[in-house]
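One chain, subunit A, links the two complexes that follow: it is found with subunit B in the first and with subunit C in the second.
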Partner chain A sequence: MFKAIVSASTLQDALDSVSVLVDECKIRLNEEALSIRAVDPANVGMVDLTLEAAAFESYEADGGVIGVNLARLEDIAGMANSGDLIHLELDEETRKLHIETDGLSYTLALIDPDSIRQEPDIPDLDLPAEIVVEGAQLDRGVKAADMVSDHIRLRVDETAETFLIEAEGDTDDVDLELAREDLIALTAGSADSLFSLDYLKDMNKAIPGDAEVTVELGEEFPVKLHYGFGEGLGHVTYMLAPRIQSD
Partner chain B sequence: MRLDEYLEFETNERAERRRLAREKDYGILDHLDSFERRFEAEVSDDAVVGSVSPSIFVGRSDYPNVSTGLLSPVGREERAASFRTSGAWYDEGVSIADVFERRTSLLNANRGVDVNDAGIGGEPGVHDAWDGWLGVQREVAIADRPVDVEIGLDGTPDLDFEVGVEDVKTPTGPRAAARDASLGENPHVPRPVKKTLEDDDWRAEGAMTYLYRRGFDVYAINTILSAGALGRGEDRRLVPTRWSITAVDDTVGTYLRGSIRDAPSIDRIEVHRNEYLGNAFWVVLVPGNWEYELVELKAPGSIWNPDPDAGVYLAAASEGREGRTGYVEETAGAYYAARLGVLEHLHERGRQAKVLVCRHVSDDYWGPVGVWQVREAVRNAFAGEHGTAETFGEAVRGVTEHLPISLGRLRRKSTMAAGLQANLADFAGRDE
Partner chain C sequence: MEFAAFAERVEELEAEPADLETTAIVAGLLVDAGDDLGTVTRFLLGRTYPAHDDRTLDIGPASCREAIARAAGPNVTADDVEERLAARGEIGAVAAGFDFGGQRGLSAFGDGRSSLTVAEVDGTLRELAAATGEGSESRKVDALFGLFNRCDPAEARTLARLVLGEMRIGVGEGTVRDAVAEAFLVETDDEEDDTANATDGEGDDDPANATDGEGDDDPATETDDEDGEDGDAANRATDEAYAAVERALQVTNDYGHVARLAREEGIEGLNGERIRVGRPVQAMLAQAGTAADAVDSFGEVAVETKFDGARVQIHYAPGPDGFGPRLYSRNMDDVTDALPEIVEYVADRVEVPVVLDGEVVAVDDDGSPLPFQEVLRRFRRKHDVDRMREAVTCRLHAFDCLLAGGSDAKSDDGSGGDAAGDDRIDLLEEPLRVRHDRLVDVLPDAAAELRIVDDAEAVARIESAALEAGHEGVMLKNPASAYTPGNRGRDWLKRKPDVETLDAVVVGAEWGEGRRAELFGTFLLAVRDGDDYEPIGKVATGLTDEELEGLTERLEPHVVAESGTELRIRPEVVLEVGYEEIQTSPTYGSGYALRFPRFVGVREDKSAEAADTLERVARLADGEARAADGDDADSADAGPS
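On to the complex of A and B.
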C-alpha cells in the first residue's frame, strides 16, 4: 500500500539527486520515510536518499518496494509547476503507479525491482576531515575546475585551516581557497583526494545552491557529500570513489 | 622498470624514413606522371575506361551533396586488390611513400549525389539505388574482390592529388567526373553481406557487429556502410568514407567493450610498444575495470604541428567503464581506431584492464596516411615481448622517459596519468 501527496518541487529535487547516477532505481516505501539507494553501473558513485513522511502533505506506506524508470517519473513530475501538489498511488493489482497533478493523470508502468541492480552496501568510512560549505561555493569550484580539466582535487590544508578546490589542466590552473570564515564549519584533518569531474559535476548539479553541504574527506579515499532539501526533511548522501595517483 | 630490455630503436629505419620524407614531392609527382601516361594509353576515344574497381570513395565536403566515386587502378588492374586499404598493408610493411603511390594509382571517377537519394524509402530521387551509378557503386562495395567495370568519363581527369591534414582520411589520387558506369561481371558477394543487405529491418549497428563477428574486418564493413547498404531501409544513406571508418571502429569497439564488461581483470601491469610509419605507440595495461585514454604527442615538424619551433602538441580523450557520453573533441578517429586494437586484444584474452595509449608522432611522419595506421600499429603492439612494472606510476615514468615531455606535463594532460579511477568496492571493509 502506498498513497502520498507531495509538493512537485520536493519530488523533483529528490528524483534529480538520484537520476544523475542511474536510470532506474528501487524505491523503498517504508512507514516513516521513502528511501532510495543506488550506485552507478561502474560502482564509482553512490547515492543514498531519504524523504521523511513529514516532507509529504500526506503519506501512507507499509514497507513495499517498487522499481521505476527515473527519466519517465522525472518527466511526469516536470509537468507540474513547482508549487503544485502531486498525488501518487500504487495499484498493487496492476503494479502501476498512478500519478495525478492539476487535472493531469498518468499511469506509470513499474519495473520488477528484482531486475534492478542490487542496492549497494555503504562502505563504512571514518573520514578525518569535515567541511561544511554552501552549495553555491562548491558549485563555483566545480564549474571553474571544469574549465581547465576533467579531474578535481579536494584537500584540506591543516595548518592554514583552509579547504582547497584545485584543478590542473594542460596549460591552466584553477584554485579556490576557502578559509574558515568562508565556510560554515571546518574540522581539519589530513585530506587530499582526486575525483573525476564527470561524476562530481553531475552530483553538483543536483545540489541546491542554498544547501549546506557537509563534505567528508580523506587521503585518497572516497568523498561523502551530505545535504538536506525539502525544508530539512529530505536527506541526500553522495559517495564518490577517488582517482588514485600512483607513485 | 624493465622496458629497455626489449626496446631497440631501429636507427636505420628512421634514417630511411627521413630520406623518404625529403624526397616526398618528387616521388608523388613521378607517380602522377606515370598515371597520366597509363591513362592516355588505356582510355578509349569515347572516354570509356574499362578497368576493375576494388573500392569506392564517398567524399564529405558539401554534405549532404556528396561526391561518390568508383576507384580504379587504370592500367594496373593486376594490382587492384593491393590498392584497397586494409590491415594487409601493415603486414606488407608499406611505407608512407608506398601509401601515396597506391592512393595516387587509383582514379576516383565520381559523381555528385544527394545522400538521401540513395535511400530506399527516402525522398524519391533521380537515382535509383539498385541500378545506374549508385547500383554499380553498391555492387563494388559489397563484393569481396575487385569488380570489372566500365566507366564513362566526362572530360579528362584532374591529375592533382590531395593530402588532407586530417588523420582519418587516406590521401586521395586523381579525380575525374563520371557520366555513367556499368558492371562487366556479376560480382561475388559473400553470404553474410547478402543477408545484411536484404534485411532492411536491421539497424546498422547490429548489422556491422554481425559482419564483424562473421570475420569481416572493419575495412570491408566501412566500405559497405559507406555505400548505404546497411541499416533499416528508410535510414540507409551514403555515408562519407571518413565518417564510416570512425562509425565502424566505434560500433565494433562498443560491442567488444560489452563483451569484456564482466570479464576478470589482467593480473599485472604490462607495457606494450610498437612503432610504424614514424608513429610510436605505448600501450600500458593496468589491472582493474575498463578505462581507456589516448594521449597524442605531436612533435614539432610533424604533419599537424609543422612549425619546428613549436612545442610538442598534446591531445587526449578518455572514457570510463560506461564509455563516453560526449563527442571526442580531441584525437578524433585515432581514439576509436586505437581503442579497437586494444579491445580486440582484451577480448581475445577474455580479460579487462585499464588502458593508457600514448601515441608519439615524430617528425618522420610527413604525410597522414590514414587512421588504419593507428589501428594496425596498436593491433600489432601486443605481439612478442612486453615490459612490466610494479606500479602504474613506474610504468608511466618509464614511458615518459622515451617521450619528449615531462611526467608533470603528461599528468596535467592525461586523466589516467593523473590518477586511476577506483571504485567503491575497493574501500568496502577498509578503514582509514
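On to the complex of A and C.
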C-alpha cells in the first residue's frame, strides 16, 4: 500500500539526485520514509536518498518496494509547476503507479524490482577528514577543473587547514584553495584522492547551490558527499570511488 | 568460467593458423565452458544473442571508443583512441595497448577487486542492450567502461572485439559446428588411443612411416588403431553427429542452445529439435542454373514464377495463446511492422499454425508487379508505415510451407475438437510436392503456382509467360527435395534471363574530389570467402549525387580506420553491381577483378554474410570463359526473347 501527496519541487529534487547516476531504480516505501539506493552500472558511484514522511503533505506506506523508470517519472513530475502538489498512489493489483497533478493524471507502468541491478554491499567508511562547504563553492571548483581535465583531485592541507580542489590537464592546471574562513566547517585529516569528473560533474549537477555539503575524504578512498533538501527532511549521500593516483 | 580464461583461449585461437587445430581448441574450450557453454559458443562467434533473436547489442564504435578512453583515463579522450585505431587498424589491439584499472570500484572497498566472469560480461552486455530511451547511450558507455576497467590487456582485446561483433579469430560458424560435434558427440575410445600413442613412442622416430614397417604403405587401407595418423582422426565425430548438429542449427539458429543440447542429450536430443512457430530459420537458397541442368538432375522439374520481391518467412499460430503473424526477412530480422497488410491478410485466412516461405512484391493498381526497389521502400520502414502503405501496395506470393497444423484440422469435425496446437507438423523433411500441397490447403489465395514439367522447352514456355507478366523469370526446383534452411544447394535453381549482377560487400572507400569532396566517391567491393572478405574491384560509376550522399551516410558508422583519403569499412553494406566481365587478376586479394563495374542498387535485404561468394565469382568467371569459347548451349535454353 502506498499513497502520498508531495510538493512538485521536493519530488523533482529527490528524483534529480538519483537520475544523474541511473535510469531505473528501486524505491523502498517504508512506513517512516521513502528511500532509494542505487549504484551506477560500473559500480563507481552510489546514491543513497531518504525522504522522510514529514517531507510529504501526507504519506502512507507499509514497506513495499517498486521499480521505476526514472526518466519517465521525472518527465511527469516536470509537468507540474514547482508549487503544485503531486498525488501518488500505487495500484497493487495492476502494479501501476497513478500520478495526479492539477487535473493531469498519468498511469505509470512499473518495472519488476528484481530486474533492476542489485547494488553491492558498501562497507561503512570512517574517513579522516570532513569539510562542510556551500554547494556553490563546490560547483566553482568542479566547473574550473572541467575546463582542463577529466579528473579532479580533492585534498586537505592539514598544516594550512585548507581544502584544495585541483585538476591537472595535458597543458593547463587549475587550483581552488578554500581556507577555513571560506568553509562552513573543517575537520582536518590526512586526505588526498583523485576522482573521475564524469561522475562528480553529474553529482554536482543535482546539488543545490545553497545547500550545505558535507564532504568526507580520505587517502585514496571514496569520497562521501552529503546534503539535505526539502526543508531538511530529504537527505542525499553520494559515494564515489577514487582513481588510483599514478605518481 | 573466468573471462580471463576465455580471453586466453581466444588469443590461442588467433595465433593458430591450421583449421583442424582451431577446431580442436574450440572443442576443448566448449568442454571446459561448464555452465557458460551457451554464452561461450555465442561469444566465439562475436554474438551476445542467437542469430534468430531480434535483439542486438547496438553499441556503436564511437561509444566503444569513449568507454575505452574513460577506462584508460586520466585525460585520454575518445579522439586519442580513434587516433590509435587509425594507426593500428584494429580495436582489440588498441584496447590491449592501454593500461586499464585506474578507476577503483566501490565494491573494491568491501571484498577486494574481483575478476570478471564470462557470465558477468554476458549479463552486463545484455543489460546494456536492453537500455533504451533518453540518456541510455551514456548509460551504456558507463557500463562498458565498468567492464573495461576490470580488464587485463588480453581480456580488453577480447571484450572490445566482442562488443563490436568482430572477433577475427578464424572461428566461423562451420568451425563451431564441427567443434560441437567433436566436443560432445565423439564415442569415447580414449584408452585405445592412448595405448596406440604409447606404442608409437617406442621404436620408430618417424610416426608417418610408423606402420608395421612391412609391406603396406598405403594409409588409406590402414584400419588398425596403431597408425600414427589416426591420432588426429580419433577426435573426428561420425558423419551422423556432424549432420545432427548441422540440422539442429538449421532449425534453431542458436549455436549456444545446440551446444548445450549436444552435451546434455546427444544426437537424439539434437534430432528432436523441430522447426517452431516464432523461431525463424534461414531461408533455403538457390543457385543459378539452366533448364537443361534441372531436367538432367531432377527428372521432373517444378517450375515456379520468380517474383522480383523481398523474401519473407511468415510465422503464425492463430488463437488466444497463439503467435503472430510475424514476418521475418531472409536475414531473420523482424519486418512485421513494416507490412501490416500482409499481416492482416494472413491473419484473416490462415486457420492453423504455420510457417510459410514466400516473396512480398510491390504491385501497381492493376496488380502488375513493380520493380524490386519499390518493395524496399516498404520493407525496412519504421516510420510513416501508413503513408507508404498508401503509396506502395504489397502482395504476398507464398511458395513453401515449412510447418502446418494437422492435416485434418480444417476438414470433417469443424469444431476442431482436439487442440490445434498439439498436432503441428514439421514439414522440412517432406518433399516439395507435399509441402506445396499443404501450402495450397492453408493459404490457397496466395499460394504460388507450381507446375511440374519434364522437358526444357516447357520450362522455356513458362518462363516467357512469366517475363511477359512482368516477373523476373522462373525458379526450377526438385519436386522431391526437402527444405534445407540456409543451404544454397542444387535442389533449387534460379533461371535469370538477364546479365548476372553480383551482390558485393563494401569493405573500403575513398573520399571524393572537388564538388564531391565531402562524400565517399569510390567503393572497394569484396566477396565472401569463408569468414573473410576478398576485394574484387572498385565501383565509382553509376551513382548519382543523391545516392553517394545516402551511401556515405550509411557507411560512415562502419568506418574502422582512415588513412589519407582511404577508409577501411566494416563489411556490413551490400551493393548490387553490374559488370561487363569477370577477369582473373592479381590486383585484388580475390584473384579476380570486375571489368567496368557499375552500381545498380543497395541490397537492403541482405547482410554481409549473405553476399556472393568467391566460389560463385569463380563459377561465373568459368562460365564466361566457356561462353567465349563458342559454347552457346546455355543461351539456347532461354527460348525466344
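One rule holds for everything that comes next: the second predicted complex is superposed on the first by the 243 of 247 C-alpha atoms of A that agree within 3 Å, B and C clash if a C-alpha of one lies under 4 Å from a C-alpha of the other, contacts with A are read in each partner's own complex, and residues count from 1 in each chain.
Following the convention adopted for this analysis, contacts are C-beta pairs under 8 Å (C-beta built on N, C-alpha and C of every residue); 3 or more make two chains touch, one makes a residue touch a chain.
It should be emphasised that the depicted structure is a prediction, and the values quoted were computed from it without experimental measurement.
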Subject >> Clash-or-fit label for the pair subunit B, subunit C on subunit A >> reply: clash
Original post:
After lining up the shared chain so the two structures overlap, which partner does A:Arg243 touch, if you call subunit B first and subunit C second: first, second, both or neither?
Top reply: both
**OP:** Quick one: classify A:Asp150 as touching subunit B (first), subunit C (second), both or neither.
**Re:** both
Original post:
After superposition on the shared chain, which partner residues are touched by A:Pro128: those of subunit B (first), subunit C (second), both, or neither?
Top reply: first
Subject >> Partner chain(s) touched by A:Glu219 [first = subunit B, second = subunit C, both, neither] >> reply: first
**OP:** In the overlay, answer first, second, both or neither for which of subunit B and subunit C A:Thr159 touches.
**Re:** neither
Original post:
Taking the options 314-322, 404-412 or 512-520, which segment of subunit C carries the C-alpha atoms that clash with subunit B in the overlay?
Top reply: 512-520
Original post:
Which subunit A residues lie in the overlap of the subunit B contact set and the subunit C contact set?
Top reply: 39-44, 46, 120-121, 123, 125, 149-151, 168-170, 194, 196, 198, 221-222, 239, 241-244, 246
Original post:
What residues on subunit A touch subunit C, complex-wise?
Top reply: 22-23, 39-46, 69, 71, 117, 120-123, 125, 149-151, 168-170, 194, 196, 198, 221-222, 239, 241-244, 246
Subject >> Residues of subunit C touching subunit A in the complex >> reply: 70, 73-75, 77, 101-110, 124, 127-128, 131, 133-136, 139, 142-143, 145-147, 149
Subject >> Contact set on subunit A toward subunit B in their complex >> reply: 39-44, 46, 120-121, 123-128, 149-151, 168-171, 194, 196, 198, 218-219, 221-222, 239, 241-247
Subject >> Residues of subunit B touching subunit A in the complex >> reply: 289, 314, 318, 320-322, 325, 391-394, 396, 409, 411-413, 415, 418-432
